[in-house]
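In the two assemblies presented below, chain A is common to both, partnered first by chain B and then by chain C.
For the complex of A and B:
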């Protein structure tokens, strides 16, 4: 266990834990967009920056991204120091220049009193805040289908060569994790389209309801050792089958009692 | 070894769906009722209902299918717990569960499954006929092959 001070309060944390997790556990509200439990911390948005100092560094302090900074014994953390607030304001101002229409950015900026950007708006700005969550979750799941391409204004998240990504299985994790809902997909009947690639969804044998893509089911049975027949029916059909089986057993039990 | 287990006895179930209500309200999200994790379904015979609920499998397909390790065994309750903050909603577990007990709550866009209410299932409390109960039972060790 490590003891540190956050906003004047003594708190305990596990060794090796990141500062942001400890701060969130204290119910202290600091903005963060690129952090998710499913992936490793990355420090892309830098909104979770806090001010730290230590009794061992008299007169010194530094600004660190709390999602990437492991706790230390005796650390003194300030999550809302005036300089930190100024820093977050600038970051949100810059984010507004790139993604003026993203609801998440607007809300966070408004909380810090920034309603419009003081910079020149990016001419072809969009809702992507380049947090990299989609790329990281795709890598974490083992597909590596998309990545960040280009630099500066032109930086974007895209599949290789802007063609339908061969490694994508259409699991939609990237679209689901996107904090600004920028990644678009379409589900129409048994067809799914994402990143320009078309997928066929498995239809339940009984009800015809779509479940997951054929490619995803193949991946799961191959790498995760799940029998292929599990994917042939949807959850409702599975439940009905379980009810029917348990029903038969209960019927015998009932007949025996009578 | 004695452990607490969730016991389902379909013969006593009347299909009143009180368990569904209890589950929905216990797992409410921001004050709105959540999707029920338990389903009383037609057992295929006259007056026979089967409350279908997660069996907390020993070798669970949901946990095997999860590519971000969001489903883990809770050592205290023995339930397979799903960490909502870790879940990326890829629906792998929903498709993989052979009993259909990993569910997608489309209202709140969450994947949900039975967590035994942290060791005290609400549905068992509300079941008027004792078809559902949570009680200590003797577990006999299977002979090692």
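For the complex of A and C:
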């Protein structure tokens, strides 16, 4: 166990834990867009920057992104130091110039008193804040279907060569993790379209409702040891079957008791 | 052949030097990239073809050496004749026959090919007396321009690989690290981190595998120090890396070099192959049991890949994006293993330190910045090129003694050091000693050694604009402050340069810069606002002039300047035909007039006017 001070309060943390997790456990609200428990920390948005000092080194002060900074014994953390607040304001101001319509950015900025960007709006701006969550979750799933393309201000998230990505299985992890709902997909009947690629959805044998894509089912049965049969029923059917089984079990138990 | 011990190494050295002594003269044809672009290859071929037909006593084609860059690219193609040091500039293939006849067979000097000092119009025979060379101290560049890069025997002839032998057989890894630490060698890539301390940390981390990487991803505009070293002395770099590898216990090394440096890649590749052939690299080096392999990793030219963590990702085949270095790469670097990453110029100093001792090295330069530094001196200076001076040499000495002063005797305005992450120093800093700490204190930095000299025709707002636009493109785009912040900073500078600046813009830029410095993930972002901040610091008036008076005193920012014909005009019509927009009217022998509505301020008229009759204000 490690003991550190956060905003004047002594706090315990596990060795190797990142500062942000400990801060969030204290119910201290600091903004962050690129951090998610499903993926490794990345440190792109810099919003979770905090100020750290240490009694052992008087005069030493550093600003670090808490999502990436491992806890240290005796560390003194200030999550709302004036310089840090100033930085967050500037960052949100900059993000607002790029993604003025993204609700997440609007809300976070408003909390820091920024309602309109003080910078020139980016002409080709959109809701993508380049947090990289989609790419990382796709990598984590094992597909590596999309990636960051280009660099600098022209960077964007895209499949290879802007063509329907051959490695995509239509699992929707990217769309679901996207904090600004920028990644769009359509489900129509038994067809799903994402990143310009079309998928056929497996229909539930019982209800006819779509479950997951054929490609995703194949992948899961191959790599995660789940029988392909499993995906021929949707969640509701699975639950019903489970309930029916449970009912049967309790029926037997009752019969045995009698 | 495989070299097994020092005796064999020395025997080979002796054999090669004796072979060379057969010739009474040695001809050096500079085949650095600059001279090659100017046609050095044709000169080399001409030497070969003339000498194949002609017999000269005590001389043969083998005495013509194709070397790396001499640094004086502006005067190229260069040919030097040793031992006299006769130095011919701007040589053409048709001069070769004369050179052979007059200066090789005979002992005469060809007057027309000599270097003319632009200040005194005097001609100099030996390069040793040319100020550009005589004020230099070449340590890192010791072999560049002296030996043939593609031949390992030439390197061995000048004592090459003896330091490696000494390190492997007479020293322990700890002693090597101690020696490097005592020499005070600091990283030449920009940061100036003590190399000895880096090696110590790496050696102390517990790990089964360690790596040594040579950073040859030189990306600063106008810089070609590392390029010249790799092209001209690849074995020196390899020897330095091998010593480092032995010291930290690494068995695998990488050289991360830009694909844009084809000659460097070729020479390094050839050097590695030759080393392996001679038993100087690979398994059981020099019979000592130590194994080390080097692979070349070629970069696609992203500036950010010069940053250590981005570079390591790129070597590993991932996207070159930096990561947070709360755990340093020397502890957890390439493939998460402890990694020593040093720059080309750092490694090339290593064999000398081991060979001649740390005391010798530490005596050069200043106490805190020891040794020498290679700079690429460019811009509005008479002699441009690659130079090497001891640390602590003043900016004035570099620009005026070596560089020969400002072009056309215009007034000096500023010198930009450290590349896009560096800053501009004004006239008041001319006597600043050039070392790591002094430059950082003055708001600039050493960087990898770019030095761009500017005269009064250079607009400082424009300079800041240029470097910011470079960084906006080269930012990897991962973190918000660098990607969005530098973009907006560039927009603000453009606004000022176009005369749309308002009161408060300077303060806004300074505030934004502070956030970028504080918030960015890697060195590219944290040093990104430097060009802007240093120009604001030293040339605030010029910014205010752009904002308040809508004036650009250097006559650069198009939106703020006007071209006008003055009374010196003789009515020669030259500018009229030069103007692509038909903005100039006038008759022969009458003063011409520029139509301001049509004028695009391209400067074509000024370029053709011989009477200095067009004012820009």
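Simple rule for what comes next: the second predicted complex is superposed on the first by the 237 of 258 C-alpha atoms of A that agree within 3 Å, B and C clash if a C-alpha of one lies under 4 Å from a C-alpha of the other, contacts with A are read in each partner's own complex, and residues count from 1 in each chain.
The rule we apply is simple: a contact is a pair of C-beta atoms (placed from the backbone, for glycine too) under 8 Å apart; a residue touches a chain by one contact, two chains touch by 3 or more.
Model, not experiment: these values are computed from the prediction.
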item	value
Chain touching more of chain A, residue-wise (chain B, chain C)	B
A:238 touches, of chain B and chain C: first, second, both or neither?	first
Touching partner for A:137 - first (chain B), second (chain C), both, neither	first
First (chain B), second (chain C), both or neither touched by A:247	first
Contacts of A:38 with chain B and chain C, given as first, second, both or neither	first
Partner chain(s) touched by A:173 [first = chain B, second = chain C, both, neither]	first
Which superposed partner A:4 touches (first chain B, second chain C, both, neither)	neither
Partner chain in contact with A:22 - chain B first, chain C second, else both or neither	neither
Which of chain B and chain C A:152 touches, first, second, both or neither	second
Overlapping contact positions on chain A, where the chain C interface meets the chain B interface	none
Chain A partner contacts - residues on chain C that touch it in the complex	302, 304, 319, 321, 323-324, 326, 472-481, 483-485, 487-488, 491, 508, 511-512, 515, 518-521
In the complex with chain B, residue positions of chain A that touch it	36-39, 137, 140-142, 171-173, 176-177, 202, 211-212, 216-217, 220, 224-227, 230-231, 233-244, 246-248, 250-251, 253-254, 257
List of chain A residues in touch with chain C within their complex	42-47, 49, 63-65, 68-70, 83, 86-87, 90-91, 94-95, 97-98, 118-120, 122, 130, 132, 147-148, 150-155
Interface residues, chain B side, partner chain A - complex	8-11, 39, 41-45, 48, 50, 52, 61, 64-65, 67-68, 70, 83, 85-92, 94-104, 109
